[in-house]
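The next block holds one structure in the form of structure tokens; read it before the comments.
Labels run A, B and C following the written order; every chain starts at residue 1.
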């Protein structure tokens, strides 16, 4: 599999994204401004962070439907650790992140130890983690965080939103891990053919365990940023996040059957969706119309990629 | 017997063979029985006619949608747009009914529409090889956004009484229950004894082997999605006629409920195995759990956590059973 | 076998923890202070309070000029917010110099609502109307709007006061609490038992109403018995199933059901109808008239409490125009709201629409929303 072939879908997507940006910039003069673009970066950070891990998950041929629930649970725990347990806020952040990570580890264990298919395992934990968030919070919100805490979700560093730096950094790290390291190659191998990977000495279970744990961690990180951005915690935070994330990842060309996909593709997919949502809104299209356009673009982009691939192959 | 529907190698004794073929269905059935026994002991009213009718009739549309979903999953695909489709069907049916069309048109036309839409979806999946999750994620957006664009979410009220098919009670049993039982039996026989039914298993199990055996996998997939549209259509009509008001929006998280019912019922998400009896039983199990938790006075705040634990427990029990059966 | 045991243990643990933690207070209320009204109709003395709303920075002079307004409700596609939209558009038409539209998320989601508002700030509107999914979560983006010189007015569901200029309050929480409990007491008697069907426990308005109902019932109808509260999202069929389960669970003990949303109330009425319990189980709640007409006509539901959401949208639009024109300033005690006449300012920066309206068999036919 050559790099050129791997990048095929990404190239189409990049062209599509640039086209979309040009069209949207022409539709509204408010769209292509530094302020708007940076702000959009801020708004897509939570989905973006989770999508990084989701790319790995889907490349292994798995799926994680529980990320939105992990986000909700971590957000609730952050508030509870700080206000009800009385931990200092930095410590509460670490503890909540740890719990998010453990939730991801739990998914990984159910999937690898009990051999439950990822879709079923995370369907179950989708309900379980959301339920824990509701039960622990008793439907109460935790508010009144100190001012410094809002930096993560609302602050800027050198004129760029804080979380965008974080997203950029982690995207780079994820891209390097998936594209250039042994772990990345193992990830592809597991997704392409799990049995073959096992026989060629790849630690399939360990690889999966790491990936699902990372998904929990990133969902937790997204939770902290989300809480900081909206200044409150609620147990219904992150509901439906999984579908947004998966849409971005598959639009980015990651194959749901595993073995194929890149972080670059995911990043492009997310940017395209966010640009469409924002640009269409700015040019006067209502939210329901935007949803329809995103659905059409998703199918069309993958269709274009598939036809292109087939013409080359056939 | 055909072992296309079995998930594990056939055992030695007929009993074991039976267990092997219907293991998950038995697990789910026992769970339902246990639930009725325990909750009935705590509060006798759980076993009243009214409550049992309510549990079955109120959730029959989920079970019926899960039949079609099971076929889709058995064929190696998935459909995450089913909730949106049901919302669209319900709205169409209601709109036709209040616009003065004869009720049978209000019932049949949306079902035909659902079949057509899903046949199109199936064709897109089969002939372009785009993963079904991508196509149906797209459809989810298109149907949901389109529905609100068209209706602006205006509720449909003043539905004619003869339109309310889900509220009819032939022989004292809600018609939704008749539909659920009848369609499950027909679908189960269909899956087992017709060439097309067996083709679904073959295509989901190994598409190349199916092709080599002379089947046309593309046509099978289109057919499966069309059938799924039929079941979703009926589910949509029952959904629409249960209450006097149709919301004209997409019922929240319905697709997850339907998929969960299918997979917990023993349909392997990897395709090729599973039965529609299992998915119907699983839909009933969820409905029972939802009701039982209220009867047991489980704190409302912890309700969903308990539900999640129960789903997880069912899944793990199934895995343990499969291991032992092997 | 080990795994089977584990599964059973999980199940058992779940059930036990769930049961053990069952609360005794009215589930679904919040912890905030309540302010129950007097049992008779004595109006509470309104404490004078200084203006505590925010103000836009560097807002241009919009007096008499055409303005562009966006309305972002909690969600679109439910009867209630369709009605408020109608009111907003009616007012905009009447004013003649307002270009108003409604846009919002398809489910009551704090994140999506914030994104919608953010996009409209960027697109350059003059005014924002909102009904908050969460009073605190929405505050940062509303403050951003004020900072950009946009006029911000809330209705239906408030934000923290400093994040908007004015809030049009459809009815005070304690007023709704009193009206609902009094209506229920009238129908089921002072010793009746009732249950509540709400949307979700995290929805702020519903949580506030339940807390106020609890406080008012404790003070004025102490013998009424609350049985339980169930969640039903904003989902018709789930509301119906939940209400049916309550009817089956409590049998004759259950005398009344409160529907806390415009979705839950008609669905509860339908559940009572289909169970053949019309007249035996009272349904009292907040709802829009169109959905309730069949039940009111059949005498299954005696009274439905709601403000007129068309008027609420209308008033919100009128207030926004008054703010943009500079005729409504901090410290004002009332505001002219077109056909609704003068509306009172309360609590510093809130405008009261009026007392909640009770729809009955006699007047429900006059309303169409």
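Just so it is clear, a contact is a pair of C-beta atoms (placed from the backbone, for glycine too) under 8 Å apart; a residue touches a chain by one contact, two chains touch by 3 or more.
Just so we're clear, the structure is a prediction, and the values are computed from it rather than from any experiment.
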Identity of the chain that, by mean CA position, is farthest from chain A: C
Pair joined by more contacting C-beta pairs (A-B or A-C): A-B
Chain B and chain C: spacing of chain centres that average the CA atoms, whole Å: 34
Distance between chain centroids, defined by C-alpha means - chain A, chain B (Å): 29
Between chain C and chain A, distance of the C-alpha-averaged centres to the nearest whole Å: 33
Set of chain C residues in contact with two or more other chains: 3, 21, 23, 28, 76, 106-107, 201
Touching two or more other chains - residues of chain A: 114, 134-135, 138-139, 286-288, 291
Multi-partner residues of chain B (each touching 2 or more other chains): 144-145, 148, 299, 301-303, 305-306, 309, 312, 316, 319
Partner chain B, residues of chain C touching it in the complex: 1, 3-4, 6-8, 10-11, 13-15, 17-19, 21-23, 27-28, 76-79, 81-82, 106-107, 201, 228-231, 233-237, 240-242, 244-251, 263, 266-267, 270, 274-275, 290-291, 293-294
Contact footprint of chain C on chain B as seen in their complex: 43, 45-46, 48, 50-51, 54, 58-59, 61, 144-145, 148, 151-155, 157-158, 167, 239, 242-252, 287, 290-291, 293-303, 305-306, 309-310, 312-314, 316-317, 319-321, 323-324
Interfacial residue positions of chain C with respect to chain A in the complex: 3, 21, 23, 28, 30-31, 76, 101, 103-107, 109-111, 114-116, 118-120, 122-124, 134, 136-140, 200-202, 207
Residues of chain B defined as touching chain A within the complex: 80, 124, 128-131, 133-135, 137-142, 144-146, 148-149, 256, 259-260, 263-264, 268-270, 299, 301-309, 311-312, 315-316, 319
Parts of chain A lying in touch with chain B, wherever the complex brings them together: 65, 110, 114-117, 119-121, 123-132, 134-135, 137-139, 243, 246-247, 250, 255-257, 286-296, 298-299, 302-303, 306-307, 310
